[in-house]
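For reference, the structures are reproduced in the following blocks.
Two complexes come next, and they have one chain in common, chain A, joined by chain B in the first and chain C in the second.
Entry: the complex of A and B
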């Protein structure tokens, strides 16, 4: 027996009004403003294999260290001031190292009266001291920040984060061009850790001699999206048991929406980020539109099914999904039951239903397989009991439960498939699930 | 099918040959030698035995001692290049330039199981203490940036240090150009090169133009053109690992990969530079200052010590050389481009 989540289009419209007031509410967690105070502190990165690693993380003011650091969400043209305090403590008798921030893509400066001390790549905050950086967020886009002090060690230890510069066009645009409009956006800050380095620093402090061979030739065994390993990526943000990993990665969308993927290479390895479900159109790299000339928009954009995430670089891509091309009706047919009777109204001639974005040429085409009986299935938490969008079917006791709105789940993950592990335990690592729910189903 | 050539056709043919001779570009003739040298790590580590290309001293005696990548060769677009190579090493060597067409004559040997196997991509200079010299030549040089490297047992001889840069022409928008040659050294390969293999390749030293920054010290300096003048950055990777050269300053316009121009330039602050790749970019510095250039794959270690490795300062000179020197603007003791 099946029950439909949306009985009628009218209900759908009502639900849309109720739950879809702000399409950005799923948005990207972060802190906004023009003046930020960050501190470098220690913390713990918890991995789903039961382990935990020493973290050096950027904290928002007096808050806990974060991996990744707070996502700074700013507006184009603003002058951004970031004061960094060095509150790092280390094992042993040695003093804590200096820390700092680099802002690739920005032109950061420190004032002549700044208390920062000279470093090789930038001004640094001495232990107990601080440094203040200023830059103008001149160009919209997706950017990284990370430590400019011994980056091979300090980025590995966790000192990196994301910057989003909103364009003057408005918060629903990635850049100042209509072709960069989006309905939802998600951050995918990809990274990895080699636990040997964290253990050596935890035991011996930053002067550890054991750490050298690992830094020269790291061998990471845990991989992260937004600072979490799967399946923790899918849990809610700000989870008390993950005090230093506040961000999750749980993308959701409705069919027909434009989802902006902000993909950042935060670690030191390349990660081919493979997004099941549909291709994505890369519109920008390193915060610059793929434009043939200024103002042309993303006319050099191109589609991929795996985003090549390069360390230190950023990619903005638009992902869309409607079910087009499946060659069967994702909302079922009358032969599947009376509750699947529905219309496909294409008033504007774009081949899609004007409300649900159903692909009308496939309307009422049957799913081309004989659906198996529950006795012939093994279940995962995301199976709703039905093959059809927005529908819940009967499941054995204890099965399912992660997909209360009958959405479709697509794995988004590193295509370096060994990175789908947590210290050799599959599944995990650099992986999450995109959930596509029918129009009107709520997206938190 | 045979086709006879008419008298007129022959005359046209001769004319074409004459035209080709008349229009052939300038010739660059170079004499190099493959020699054994040493590289001294900046951290005081033990000197490392290297093989390298040097300007041919005419014999295998009285060689300079210190290793660097082979001297940069500057070819002319549509011109010819010939390199005459002397071999002062203990095994045959050869020269190839990936990306430039020429006739290759692969060299083979018979292994212990009687199988004929390729040893070199092309003809070799025998290991006869420099007695024989052999010439390699290329025609119709295509504008861009190339690696020249050993074509003999390259899995060993290239990591041993037998590589250098060839530049052909310069982009018309650029006033200057600079070679940025990335490579690595795994000392384990160099103790006894005859036994070396790259199965367990784990480099300890990460180099740009043969130099590895010493942690805690001022990075090596590379002349980076003049303020407000477009500079052509030529990135080459002679190593075995991927690097991501990143510039702390204005964006680059990436114009070509493997010396094939992109139909449109890409604006980025870094480039993906896998092994064997060359990338050309245009970069217009906007200050008379030092701009840091480093590997964002974080090969920024020197024998495991963080803060060194693939890190250089691109020193940009003043815009007009005849104006009196003005010190760069210092922010908090550090130049922050």
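Entry: the complex of A and C
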């Protein structure tokens, strides 16, 4: 297996410059601390069909507006203070609207120093003004925040984001229970936009009379994960050409690892989020472990192959994959070539190789069918050219190329397949790819 | 007209496969891989011996026509069942292409297998007769198959898809019972809206043993529950699927496809709108198909008093979430996404309800426990999104069927 990695590494060094290899990508991107200063500003959401939409986004301090807003990563028990400045500008002579933040799932504390103005749902920041919110991050988990001012319009315009509260028992746990441990975590903040609304606001300002019917009967035609449409989801974070969409969605893992999926319904529509590859175990909803009693752990958890993402709801799920039970060796057999000679050493008796997590009962079982000749086939960009994990096979010129380590690639996407488009153009939308690479292959 | 197209397309397809034949070393044209099956029929006849656990099927991918409940003819892409036709013979390719042409069915042929089976699924790309401008490859995505390998995942982006006139054989070892589904994943928003959708379920290895649950003996179970709590007497696959007729009409007329404005106006269960859902027979074949049946599955649910009926409900609608409700009898939800609703330490998470809401790509297993005194009654399974109780402009149809107790 070492030989194969060396071969693939040379290629990958070149391709890494192009695809999802960035030192900034480890874990979930966001900002940490207990005191945050956010500003609401305008920006542009760029869509892969070549268009762009007016954004009202939360910005980190003096930075650019972001879609979604900065992911706030905080620790359980901390008192979190957020100062929100309203730096929104609008078209024409109309005045900018008030803006605000809601923290569903958090117990907000009233603040005696809150300089905001009263709104229906919460205190708001008037144009040019600011407001301060305080809450105690009492429960670990995954949460949303979003505007509480005219939210049907303002959340559509981009004012939403995620909060992650880390439990006291460590950063590699989702909750305070050993069964919530994970090796990697990824955010999937799902949303959609109706361009008619953004165009009306951009042309006529926030008092646009055209926008009412659209808000009453929205018809989105672009769909997002973490503020990007596919294929931009798979590009590196902090891409200069997407100045207001810093986050990507490019999950990767090794066989045998536990991947925490934090799935958030950040828009107004339900999205059935189907994760190819295997089931995932839903361990929590809305920042609460699915436990029958305190300390029981996720004993009310269950496995799904599609996560029903509901507006305003968050789901935490653990995804695992080894290729167990396929009844053929995904690492190949000696009959496939000398480079496929490998061992399966199960020292601890769990049926898996102690290092590679190969499922040993399937060791050296041949793949049971013969694949058609290349001339009979069409190829995907994420196809390595080989059936086997960690291997690159020969492909016709111009085919493949997006899978430099010969991993297995799985689409994670909305199963409302209409949402796999960018304003009438397929493919795109609410979609990304999970890449599972062999043990030893680098994951950024 | 269809016949004329048919001939032209057969020529194109056959010429294409001859080209492949001349340039391919390993395989060309139609080829069924099924252990113990010499003639490529995906069945075992004569001296052929079926290996233990082996199951085979041969699906064609192409196009055809079906009839909506209000009488509207709809063009579709779909799968056809070619199992039983010897494919690996000198005339096999021609026979398969002939049988698969304009043979698309909705829903796709049912796949029902047993836990422990080794499933050899051959997909032959027939080509779309009514769209000679298209050269689309096709795949089968076994939706929900756990621990999948991407080579057999049917996702064109990460693996291979089969070109017109050729075959690809998928291999699945079925280790986990439950209700899955399958569909083509090539240009998914288009091919799935066009109808390449079917039910796929795996029966539990526990079947055949006897468990007594709440005073009743069962020998059939949705899952390996160990206590009979998922026991049933009859099972029915129910697949939600719907069509946007503007999309289908645009496809037939070779017009730009309306992805952004996609809006389904025909809501169906197992490929039919009410009242066609309760027609126990195959629907009459459209003349445009050359007389080939394209809607064989009834969704009429019948049971006797005292029986437990397992509904294997899946959703492959591509535009909306859907709610299905029962009228007259509660649903006992015992499974979701091909997993028993049971926590990791054995707590049952079953619940009773009158409605379930599922998006595309979700499945539920629900059991209807028919009371002993309900002979002659009729219950209903229908969507509570009441605007989907229609066949386009024809009111009171769509996503509904009957549960008749005899």
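The rule is short, and it goes like this: the second predicted complex is superposed on the first by the 418 of 444 C-alpha atoms of A that agree within 3 Å, B and C clash if a C-alpha of one lies under 4 Å from a C-alpha of the other, contacts with A are read in each partner's own complex, and residues count from 1 in each chain.
In this section, a residue touches a chain if its C-beta (ideal position, glycine included) is under 8 Å from a C-beta of that chain, and two chains touch if they have at least 3 such contacts.
Small disclaimer: the values here were computed from a predicted structure and weren't measured.
On the shared subunit chain A, the superposed partners chain B and chain C are arranged side by side without overlap.
In the superposed model, C is the one of chain B and chain C that contacts more residues of chain A. In the superposition on chain A, A:270 makes contact with both chain B and chain C. Looking at the shared chain after the overlay, A:300 reaches both chain B and chain C. Contacts of A:152 after superposition: chain B is touched, whereas chain C is not reached.
Of the two partner chains placed by superposition, only chain C is touched by A:426; chain B is not. Contacts of A:383 after superposition: chain C is touched, whereas chain B is not reached. Of the two partner chains placed by superposition, only chain C is touched by A:330; chain B is not. Shared-chain residue A:292: touches chain B and chain C both. Once the two complexes are laid over each other on the shared chain, residue contacts for A:354 go to neither chain B nor chain C.
Touch criterion met: A:118 reaches chain B, while chain C stays clear of it. Here chain B and chain C sit at a least CA-CA distance of 5 Å once the structures share a frame through chain A. Shared contact residues of chain A, touching chain B in one structure and chain C in the other: 270, 292, 300, 308.
Those residues of chain A that touch chain B in the shared complex are 102, 104-105, 107-112, 114, 116-123, 131, 149-156, 211-217, 268-270, 285-286, 288, 290, 292, 300, 308, 310-313. Here chain C touches chain A in the complex through residues 20, 23-28, 31, 33, 35, 118, 120, 137, 143-144, 146-151, 153, 155-163, 166-171, 173, 175, 185-190, 192-193, 258-260, 262, 315, 317-321, 336-339, 341-345, 347, 349, 357-362, going by the rule given at the top. Interface residues of chain B, counted against chain A in their complex, comprise 202-204, 215-216, 218-219, 242, 244, 246, 248-249, 251, 264, 266-270, 272, 292, 294, 296-301, 303-307, 309, 311, 330-334, 336-337.
By the touch rule above, chain A contacts chain C in their complex via residues 179, 221, 270-272, 274, 276-279, 281, 292, 298-306, 308, 321-328, 330, 367-373, 375-383, 387, 403, 408-411, 414-418, 420-421, 423-427, 433.
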